[in-house]
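Before anything else, here is the set of structures, which you'll find just below.
In what follows, chain A forms one complex with chain B and a second complex with chain C.
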Partner chain A sequence: MDFTNLASQLNAGIILPEGIVVATLLVVLVGDLIAGRASTRWTPYATMAGLSLAIVALIYQWDTATPLSFLGSFMGDDLSIVFRGIIVLSAIATVPMSIRYIEQSGTSLAEFLVIMMTATLGGMFLSGANDLVTIFVALETLSISSYLLTGYMKRDPRSNEAALKYLLIGAASSAIFLYGMSLLYGLSGGKMKLLEISQSFVAADSDAPIGIIVALVFVIAGIAFKIAAVPFHQWTPDVYEGSPTPVVAFLSVGSKTAGFALAIRLLVAVFPVVSEQWHFVFTALAILSMVLGNVVALAQTSMKRLLAYSSIAQAGFLMIGLVVGTEAGYSSMIFYLLIYLFMNLGGFTCVILFSLRTGTDQISEYSGLYQKDPLLTLCLSICLLSLGGIPPLAGFFGKLYIFWAGWQAGAYGLVLVGLVTSVISIYYYIRVVKMMVVKEPQEMSDAISNYPEVRWDLPGLRPLQVSLILAVVATSLAGILSNPLFTLANNSVSHTPLLQAAIDQQQAPKAVVPPVATIAPAVTSVAQR
Partner chain B sequence: MELAQFPWLTVTIFLPITAALFIPFIPDKDGKTLRWYALIVGLIDFVLLVAAFYLGYDFNDSGLQLVESYTWVPQLDLKWSVGADGLSMPLILLTGFISTLAILASWPVTLKPRLFYFLILAMYSGQLGVFAVQDMLLFFFMWELELIPVYLLLSIWGGKKRLYAATKFILYTAGGSLFILVAALAMAFYGDVVSFDMSTLAAKDYTVKFQLFMYAAFLVAYAVKLPIFPLHTWLPDAHGEATAPVHMLLAGILLKMGGYAIIRMNLGMLPDAHAVFAPILVIFGIINIIYAALTSFAQRNLKRKIAYSSISHMGFVIIGIASFTNLGLSGAVLQMVSHGLIGASLFFLVGATYDRTHTLVLNEMGGVGKKMPKIFAMFTTCSMASLALPGMSGFVAELMVFVGFATSDAYSFTFKLIAVMLMAVGVILTPIYLLTMLREIFYGPENQELIEHEALIDAEPREVFIIACLLIPIIGFGLYPKMLTQIYDTTTISLTDNLRSRAFASTEELQPLAFLPHLQAPELPITAD
Partner chain C sequence: MTLAEGVQLVLFGLLAALVIGTALGVVLLSNIVYSAFLLGGVFLSISGLYVLLNAGFVAAAQILIYVGAVNVLILFGIMLVNKSQPFTPVRRGWIRLIATGGVCLGLFALLSTMILGTSWQLSTETPVGDGATVLIGMHFFSDFLLPFELASVLLLMALVGAIILARREFVPDEPPTDAISDALKLPERPRELVPAGREGSESPE
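Then we have the complex of A and B:
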């Protein structure tokens, strides 16, 4: 009796999806303890089922009347639902990738799944966290599980190296982030809830005091580490190269999404007082990420490193949506995340499949793949071209929406940088396509000439095939039939009071034009007339 | 009438690409079924286009016809909106005609036939789309859509330096099309109404300064495609490496996208800026004509020679566009259609010759006329058409541009005098290099090595048929150009009227175009009346 009473007081129903994930996690963990190695036959499917159930629960919570739960510590508004949904989807897609991969490495699958679900849980809580403690606990849950995942290949020195690197840099950035939060706690006079902190800042009525700016800088350092924005990206290529590929897939989508969820909630809720400053910083981060990510990707020889730099660049595009801060801006960011989920996970699935069959990730080893495996070639080409923004694939529409929103808000400089760098990106994506499709039979790489016969009936490959085809179909059609996704992204923004308040505030006093707009003063002045 | 309601353009645009999606499932061993399949699809589509033209198109209507508009992505204001006016209709028909013949011309292709026909059909759709769409975003979409098919067609089936050529092509075009998107966004967000619809954009009242920026942006994008002098360098490489059918598409249709877009956007939407830029266009047109003709003269590679002659012929299109007279504009459109036919026929014949001699270097040919009399005859006829022999369409087109420009009241007499003289020099250069080329291939002493090593069989009926198909309209339009001009006359007249009323609005008397003082041709005392 007390329990139900307590639950209703806390409005605990909001975290039902997280509850389902925890239950699944326990079932897999205990089941593995009881059944031992034999459990590998059902644990991945149980994981997928549990996570899908969590998605269903999320759908039922759409537009819930009372989103605030746990006395204001957790926010279940539509924005958080979208982000949680993306994280769970990326976890679901990672499962079929990992079955065969983990099997071949000879480690336990169930433990992997459990750690991954813990990371998912951390990401989900992070998307809805509404006070400082919840944010930090969720962030650490996500981070520590990620460290474990990157080092999951115990016998592979590169995986160990990646885990250690990730751990050291991650711990340092967590510490900085924590310091920033402690400053916030102190400056606000001991407040924990995000909105209360910002209210106390507004009440203090000092125009961007130095203390808040210092706190902002520290907080941004923590966030930028999570979303791998330049110059906080140094860990990305090494960790991506060394870690097990399914983990990379999860990190590049799930973990990054959680980082963006944190960025939106924290920056918009806590820092309206210094909104010009954080817009400026994120503009700089966006430009650096787009330029450096896309340019350095040109020189990569390893597929995983290429995708690492490409994911840095994609984060740069996403930040445009965050920086412009209009309704279309936030929607375009969410829309792009949704599409990025499909195309990036589809790409990683192909890379995993290739490395399962040949045991290599080198781009040069892909040459001539079309002769041996047309389906894999087609899927990887579609995903890469979509990442490059070639119509009629989904990525084209994602980028178009972001640039559209950016231009609408007057961020001409950012849009121009984005356009130029996306032309550069076409070059390195198409280089891989060229390797696979164009090379003559006599130019085939060793890996391809010894390519095993294409078989899908090995254990664990069937789900991989299904998820690959689903991702590719979504990537090809999500652009052309994009209306539902657009509506979803728009609704999640328009139904979220937090963002609405921020948008109104931004439009009311002065239209905040990001400082970069001065890069193209001529176009700006002409267009504004 | 029931038939008028039929969505002609949508169906014709989607038919080839939809049919292409079935190609992977067609049982086929050696590509023979596939080529018939592709040919039949191409023919059906062409018949549908002709039916649409015959049943739904009215010559006397200067506005858009066969209009369809459906909302696609309301959040972006992206509409599926197609229609055809006098400007699009001839080019749409040309696309259907040349594409179908290109499929017939690709009979000998045996390498990766599935991919080849898939890409050809995809291009068919994309190119029809470029000419038919009436929404700027959709135009950008279609413009980008043909990037990958052309890239792959060049890089897989091309000559020795094909990868270099293909990469150069894609970077030039993608870099150019970035300007289309920027200008489209800037124009759509200009003023109070956000719209990408072309007629709405044309109706907006832009300031002259804004128009100048937009004009410059569009000009860069389309100058790459057309091509105009300093941005033409991708073309000889791409055309020099392409295989004959791809070549026909590149020369026959792709180049026309640039000319079409300049008339539709630069001239139709930004008339004030056109008045400023027109003298520059004339100068670039003259450079195109003379520079490319001289370069063509120096080429030892047959394909590059013809490629430069294409650039030279496009110079007339530019001058026609800049002439401010209906006659000149009419000549420009006629020149585009005429060059589409002549260029395609010449490139096809070059391909046919190469199939026999297996060399493109003129030094290694000579005296093959005796062995291949039919090819010799066809090559000579098409070269005559290209050098504007009276009675062929090229002659009429060039004459119209000449007379149109010479009678234009927009330029000072001296400027016209010098320009016409220089154009005339180009007209003299064309026969020189074309006749020299003919002499080097077919006349003179037989090249013993060639005769001994290659089987020089004469043209087969398929090849004669293709050339006959192309020659009939070439001669037809040459003898009775009204057959073609009546299709678009009302449109070009209304375009010219609009242009003149805007460009000369400021003063009652017609002033020579001299907005930029240093571009005004100097008034020599002798000619100053």
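Then we have the complex of A and C:
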């Protein structure tokens, strides 16, 4: 290896956005050390500015000619740029909602921001990681920061319990994932880069040997934990209930997006040999997530738990796009993720605002909110209806695109399950909306009758208001004016060589076998083992 | 079989027996201090296996990190907690034991069929032996540069996080009466705990 001009081979400019995030992180950390508590005035804005700068850097990297950097460790193609963008956007949106929340609970803000930026960094590297070691280190960076964020309110037993649960289950799933990766390393004869591993599988030319299947199962266990797919979802409700709500917002969007980025890259790049098998497994995961997430959400009494189960269900919808594996499938998934970012973060902003004013997150306490705070009622209603998929809002178009892509590709069963479960989901979203707009004053809950006067001039509430309005505007308009997002999602798929190769490969056998029958051979081939 | 191969075989058998024996001890003994010390034994015997595989650097790292840091930390943890609690046997605990044993045996059977049924691609290169340190360093600063640097951010954040969890907060110790009582807690009130009998509205989880 030529060490003299190593710097020129690295192509380090590709990770400029990540570099900006690291620089911001250090500025906030050191600035807080020097300035002490007074730094809370500027650190959130510095964080948002740095992360926005990272977005700008990402935009400039769109369609770069040489996406491979660090001698093949990192792939900066358009797919990774979209996913990194979503993760950074979710971090930017989490900052304004955490300012007041963290201050009201008496913890320090700068460390919270630093850990959240580290989680963002891990997610960004995970979206583009192209070899096994980078994948694992990035995944651990994301996970360990998430554990720390979950346990941030250390005097609250619920937060401690959530952190401990998350840590234990997360560590176990990391270990399983690592075992799967070590199997991949051994099966490919000591290869690290994703494409080299799959090439060695193709070269070995054995028809889906058991070793690869076992490695696949272990890897899927690790991924499904990150995206909280049923049956790897058990941590989700408890962790979402016990964590600080801004953390939940970040986990439900940022961490989940990183998980999907990992799923696409790892499964598509490494496992084309067992493509039928992983499609079959993900079909099962998608159906289970949609059914269980939506049905259990019906019975929830706490808003945070409701949103936890709803996020499990949304992951199920997203997996439809991954399973069908056509060009429309991948781009519908990215499109839905972009819309999910706005509506879910908007919903969490409303929940945070309500709990800051009343100190509760029980659904029954929302009754009569309309008479005291119409703006909050309107925003929360729009976000929830959009999550449910009511027509003029963005969520409807996202779901429409995913179901259309699934129907086109012949995944009729999945689409039908998706349709039925989204009808179920509309019920529990509307239940909250109905609760908020009751007319009779005697039905007003205690929290609402003691509702404080609406004031936006308290420290930290102004940014929250701005981000709330932005999220709601985006949720209501992104459906009707969806063309830019739509083009973005489509281009990111069509400009990514990795996905194009996979789509071509999938369409080749489809000419012979009718698409409905593609799942059946997978079932039998699994059953034979 | 030459003398060297015979010595290797005997040593492998010894080390494997040690690993399995000490690992069983970790799981089966009820005294947690014994378990912790036996865990050190597991790590030591595994590093012996690494030496046998001509991987001196990995063996040294194994001893330094696992025995020197992780295991000592576990022992410190046990020592600082220092709480002996009478362990009441769980009713029908044997079902749990049998189920766990069944799952473990099934996993073992699956993995061993997989290991025996796969034609592993063996590397033909000769092991570098003591030159490994140099080679690992070269990899760290060439094709594994990115994960190596990312690990430094990870360690920095772990350090910050550990300090946050361990530091003393300025919260009054006497039972507070005003708004300060909410310090460092979630702003949401805890749920009222429903008596176990009429828990119908909660999730089945």
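Brief remarks follow.
Here is the rule we use: the second predicted complex is superposed on the first by the 502 of 529 C-alpha atoms of A that agree within 3 Å, B and C clash if a C-alpha of one lies under 4 Å from a C-alpha of the other, contacts with A are read in each partner's own complex, and residues count from 1 in each chain.
Throughout what follows, a residue touches a chain if its C-beta (ideal position, glycine included) is under 8 Å from a C-beta of that chain, and two chains touch if they have at least 3 such contacts.
What you see is a predicted model, and the numbers here were worked out from it, not measured in a lab.
When the two structures are aligned on the shared chain, A:Trp404 is found in touch with chain B, with no touch to chain C.
Legend: residue contacts after superposition of the two complexes on their common chain; A:Ser200 is shown touching chain C, with no touch to chain B.
Looking at the shared chain after the overlay, A:Val473 reaches neither chain B nor chain C. Touching more residues of chain A than its counterpart among chain B and chain C is C. By the touch criterion stated above, A:Ala46 is placed in contact with neither chain B nor chain C.
Contact with chain B, but none with chain C, is seen for A:Val437 once the two complexes are overlaid on the shared chain.
Of the two partner chains, neither chain B nor chain C is touched by A:Leu178. By the touch criterion defined above, A:Arg158 lies against chain C but remains apart from chain B after alignment on the C-alpha atoms of chain A. By the touch criterion stated above, A:Ile55 is placed in contact with neither chain B nor chain C. Shared-chain residue A:Ala501: touches no atom of chain B or chain C. Across the superposed pair, chain B and chain C touch chain A at no common residue. The residues of chain A lying in touch with chain C in their complex are 1, 3, 6, 10, 15, 22, 25, 29, 70-74, 101, 104-107, 111, 114-115, 118, 121-122, 125, 131, 133-134, 136-138, 140-141, 144-145, 148, 151-156, 158-159, 186-190, 192, 200, 204, 206, 209-211, 214, 234, 237, 242, 244-245, 296, 299-302, 304-305, 309, 355-356, 359-362. In the complex of the two chains, the chain B residues touching chain A come out as 72-76, 112, 115, 137, 141-142, 144-145, 147-148, 151-152, 155-156, 163, 166-167, 170-171, 174-175, 178, 181-182, 185-186, 189-190, 194, 207, 209-210, 213.
Here chain A touches chain B in the complex through residues 328, 331, 370, 385, 390-392, 396-397, 400-401, 403-404, 407-408, 415-416, 419-420, 423, 426-427, 430, 434, 437-438, 482-483, 486-487, 490, 522-523, 526-527, 529, going by the rule given at the top. By the touch criterion stated above, chain C contacts chain A in their complex at residues 110-111, 113-114, 117-123, 138, 141-147, 150-151, 153-154, 156-158, 160-161, 164-165, 169, 171, 180, 182-191, 201-205.
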